[in-house]
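Following: one structure in structure tokens, then a few remarks.
Order of writing sets the chain letters: A, B and C. Residues in each chain are counted from 1.
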Amino acid sequence: MRRQHHHLTSYAALWGYLLLMLFALGTARADIPQALYDNLGLDRNADPKALFEALEQRYYDPEQGAGKGKFGELWEPIPFSKYLNPHTFYEPPQTLQMTATRQQCIDCHSGVTPGWVHSWGNSVHANLEQIRQLPGDDPRAYKKDIITEVEDNLRSMGKLAADMTLAEVSCIDCHIDIGAQQGDHAKELRMPDGAVCGTCHLQQWAERESERDTLDWPHDQWPAGRPSHALDYRANVETAIWAGMPQREIAEGCTFCHNNQTKCDTCHTRHEFSTVEARKPEACATCHNGVDHNEYENFLLSKHGTIYQTRGDSWDWNVRLADAVEQGQQAPTCQLCHMEYQGEFSHNVVRKVRWGFNPMPAIADNLDHPWFEDRQAAWQETCSTCHSPRFAQAYLEFIDNGVKDGLAVEQDAK
Amino acid sequence: MRRQHHHLTSYAALWGYLLLMLFALGTARADIPQALYDNLGLDRNADPKALFEALEQRYYDPEQGAGKGKFGELWEPIPFSKYLNPHTFYEPPQTLQMTATRQQCIDCHSGVTPGWVHSWGNSVHANLEQIRQLPGDDPRAYKKDIITEVEDNLRSMGKLAADMTLAEVSCIDCHIDIGAQQGDHAKELRMPDGAVCGTCHLQQWAERESERDTLDWPHDQWPAGRPSHALDYRANVETAIWAGMPQREIAEGCTFCHNNQTKCDTCHTRHEFSTVEARKPEACATCHNGVDHNEYENFLLSKHGTIYQTRGDSWDWNVRLADAVEQGQQAPTCQLCHMEYQGEFSHNVVRKVRWGFNPMPAIADNLDHPWFEDRQAAWQETCSTCHSPRFAQAYLEFIDNGVKDGLAVEQDAK
Amino acid sequence: MRRQHHHLTSYAALWGYLLLMLFALGTARADIPQALYDNLGLDRNADPKALFEALEQRYYDPEQGAGKGKFGELWEPIPFSKYLNPHTFYEPPQTLQMTATRQQCIDCHSGVTPGWVHSWGNSVHANLEQIRQLPGDDPRAYKKDIITEVEDNLRSMGKLAADMTLAEVSCIDCHIDIGAQQGDHAKELRMPDGAVCGTCHLQQWAERESERDTLDWPHDQWPAGRPSHALDYRANVETAIWAGMPQREIAEGCTFCHNNQTKCDTCHTRHEFSTVEARKPEACATCHNGVDHNEYENFLLSKHGTIYQTRGDSWDWNVRLADAVEQGQQAPTCQLCHMEYQGEFSHNVVRKVRWGFNPMPAIADNLDHPWFEDRQAAWQETCSTCHSPRFAQAYLEFIDNGVKDGLAVEQDAK
């Protein structure tokens, strides 16, 4: 964590820092949890191709959460389902029988669906060269490294020649195939899923997929890997009442949130895929609101939320999350605390989960188990960015006891 | 619609475009629905004076929704009613017996109600010359044409000499009479209603009034012209329980929303009358919220609303609604979709209404009627600004079926 | 009130103005209510030291609301209580046994709790010289006078030499003692309460404390001085059900709002203590929301709130509240109306309270008592900043009668 840099005053720390950098150079994936590698049977030094293929195999495995789930014979998709789980249900429309070139996609859709094209025009995807030209002190300069990393991934997977750089990410790259020059609109068109995004953004996808691996509840309080974004579609379809209800549109209403597993655009909406958008609390609010889990409302009405709402317009939302506090963000967002774990930031947002959404005796009675204690210690470290450790400890104990009190009332009522 | 311009590549289209321009030059009111002209017995080429007078006659006709309504003998206004329905209830205060000049209004109210005067000072009304001097590439330059149109209207009605231009719109123009140089505060003072605003802003008022004409439900699912802004006061006062309840302050609480018919400042609040304000979703939220019709909450928590909230500060809110998507607005607001109909934007916001606020069997059972199908097709075109037509179709079918499912539960419960 | 300046056109008014200025020079506390001086047995010309000591004595008096309250034997604090009522419960942590210098506080906490230090770095406290150098036309230039006033207070209390100016307000000034050069972390560390903030910000603290004095209900509708920020902790702990309930974490949940009495950071969150933040409605929302008193929701959904939300980004939030309307704030915030009383602005926000949170017959039946009528007149004056007095009168009567109607229903149901 950034603040630990202040302690690097001894030779020992300096050596540790150098070792860390060497390690980082070796894989550039220091913050993908070891449990993911273990579960996939991979070495940490696996190249991008090997990591991607192992992730993809698990991602598409019906035994591990892909597809319609164990109650799949009970329900049929509605027409909209193809957009919620494209890998399972999407078929290209048959209304347009043509082969389109890279440029034709843009030209035609500038006329028929201009909003898409304007959004993409504002994206990094459409402006890679602009990013490459940013001066080093621009807050978005870190994206140069991401472009380089994407190119390395593509070269490892044989999708980019060793002497080539990416010129753009255009319609056809995501909707036909990366690097394709043309595609058959009626046969080859695809809606991107996590694996499509993860081909380029392998680090981020692997982090997200690692939620399956780190939520290894010690007493099976929840099914393995849940509740998480990585398996939220499975959670939906493997609920008997969901699969069995005859009103399919009502059922698919649940899927409007339970589709993080199957896609990436619930946080990074198409087609700008703005990091600024994804970094603000509203990006989480679409799902994390309401009577069953009113996280967003609680945030907005907290002092954290007050500062966000009253002062957030003076923060630079283009700085990297890891640099945000140092660069002037004076209060946490959802992202700042939930994407952080032991000083590192990643797309695994469940590494400090303890209560899940559902306080239950099997959790309340085991908070002194090391699995829970380690996570509580990680929270305390997170809060200590801005609060004293004692304050954090008192606060965490406070809310634990409050939840236990509430749970006792609920249990009494049963 | 703007995106259709991309198809103007043939001679046929070019001729069509020229014809359209000629037509537009002839009336400048291409987007006032024909049904309004038909119902008012007017030719589309009617001059502004004729159109205004026909609109005004209907607007003030008790048989067509003006005044206290058919239960008018059951209730009396409270003191505040004069501000909710000024044409029916407003009387000038008798506390100030004086004749005030144009300048005296401003001078005295700068002292006694300074907030008003400061707001007006920020308005276009107080800065017509500033608008006239805007360079052509300023996003507000389109307002020059509106000033010209207003002047044409006033000349047609004999309120502006042929060789004069408007210098300003000041207190006295709206609160005594357009162009007046002085007025009797105790006798002539008025609170503007739709007709007062519509004298200058005839196009916009006629569009709004056309809601009476286009909501011609095929099986009388709702009373003609309702639910709409144009008849929302009538909806209030012609509800028996409203008119008959003895607690008049509670009843007039309803009128805090049900006063769009009688005034224009529910969307364009006085005295800046900001188009920026009126273009943002919060302008709609005062009424369109809560348990009975939570449109605002649904918007904010949708991805449309997320993008508005996280990225809207980077949009230019001064651009015309018709240009917004092209100019960088990456997600819809209420206004972008509900003011649009077949590619044109207007103040008739109910042209695509199908379910109204109140799903009922008489709607659910008739969605295959051409009236409903045409409106669904119009929605599909609207959504296609940013989504594929197939996506739009699947989504619209999705929500139709979901509403039918919910309605069936409600009907079973009865 | 600012708008009255427009009438200063006669000699009489000019003389009055000069007299007012002389009076202001004499005490600089023209807007501390006389009732506070009366209750504290002070002359209005009391020097800062005398005022502070009288306020502090009352503030810490258990008979007048300090400490655990009359049910104190029924309950024990939880670890977090020390942060909610530091004067009563805070003890320094024993984990760090060291004496820290002024600079060491900053250096060490830059490493262990960097968020704090960054926030403080953005504060006026850390940038006094920057404020002193502001040109006179900077909207924050008024803060120069506040710095001068703070220095006068400190000199009066013997905490600043006559020939010294304040260089900074650093960790140690608030957390050890004002002006201290070092302190024992395990013995001398303190959490600031109102008296600590009030040592420098005496005017603001005295205004806030005066809520105890001005809420002198004529028929004891509420306990003296309540409901108010100044006694909200007492309201909490002297409620029997609060003190007696065994679930102390649930009980202390109430204290998350009921701690304005004991601290100042519920509105001015640490460690930037931003006036911009404290001036926005969200600063009030943390407490003033929800089913029992949904003031914030009512504001946001009103037209006042609409204008704030749609146009507030164009307002200069650094201008003094008293100048806000003149400087372009076109709609009220909570602060603009509730901190104002008869044209003056202060931290006593209850001077126009009439209904409190709890409509009751003893209020409804006495609205014609002078105590209530004077407050209604003060509201009418407030509203007249932007509305005609007749409009304000009609509106206030409207809501009074509506509340009475609702109260009658409630009473019938009992």
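Here, contacts are C-beta pairs under 8 Å (C-beta built on N, C-alpha and C of every residue); 3 or more make two chains touch, one makes a residue touch a chain.
If you're wondering where the values come from, they're calculated on a predicted model, not measured in any experiment.
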item	value
Cα-superposition angle relating the copies chain C and chain B, to nearest 5°	120
Classification of the chain A:chain C interface as same or different, half of numbers criterion	different
Whole-Å separation of chain centres (CA-atom averages), chain A against chain C	42
Residues of chain A whose C-beta touches two or more other chains	313
Contact footprint of chain B on chain C as seen in their complex	2-4, 6-7, 300-303, 305-307, 309-311, 313, 325-326, 328, 330, 384-388, 390-391, 393-395, 397-399, 401-402, 405-406
Chain B residues touching chain C - in the complex, by the definition given at the top	78-80, 82-83, 93, 95, 110-116, 118-119, 122, 247-250, 252-253, 266, 269, 272, 274, 276-277, 280, 282-283, 285-286, 289, 313
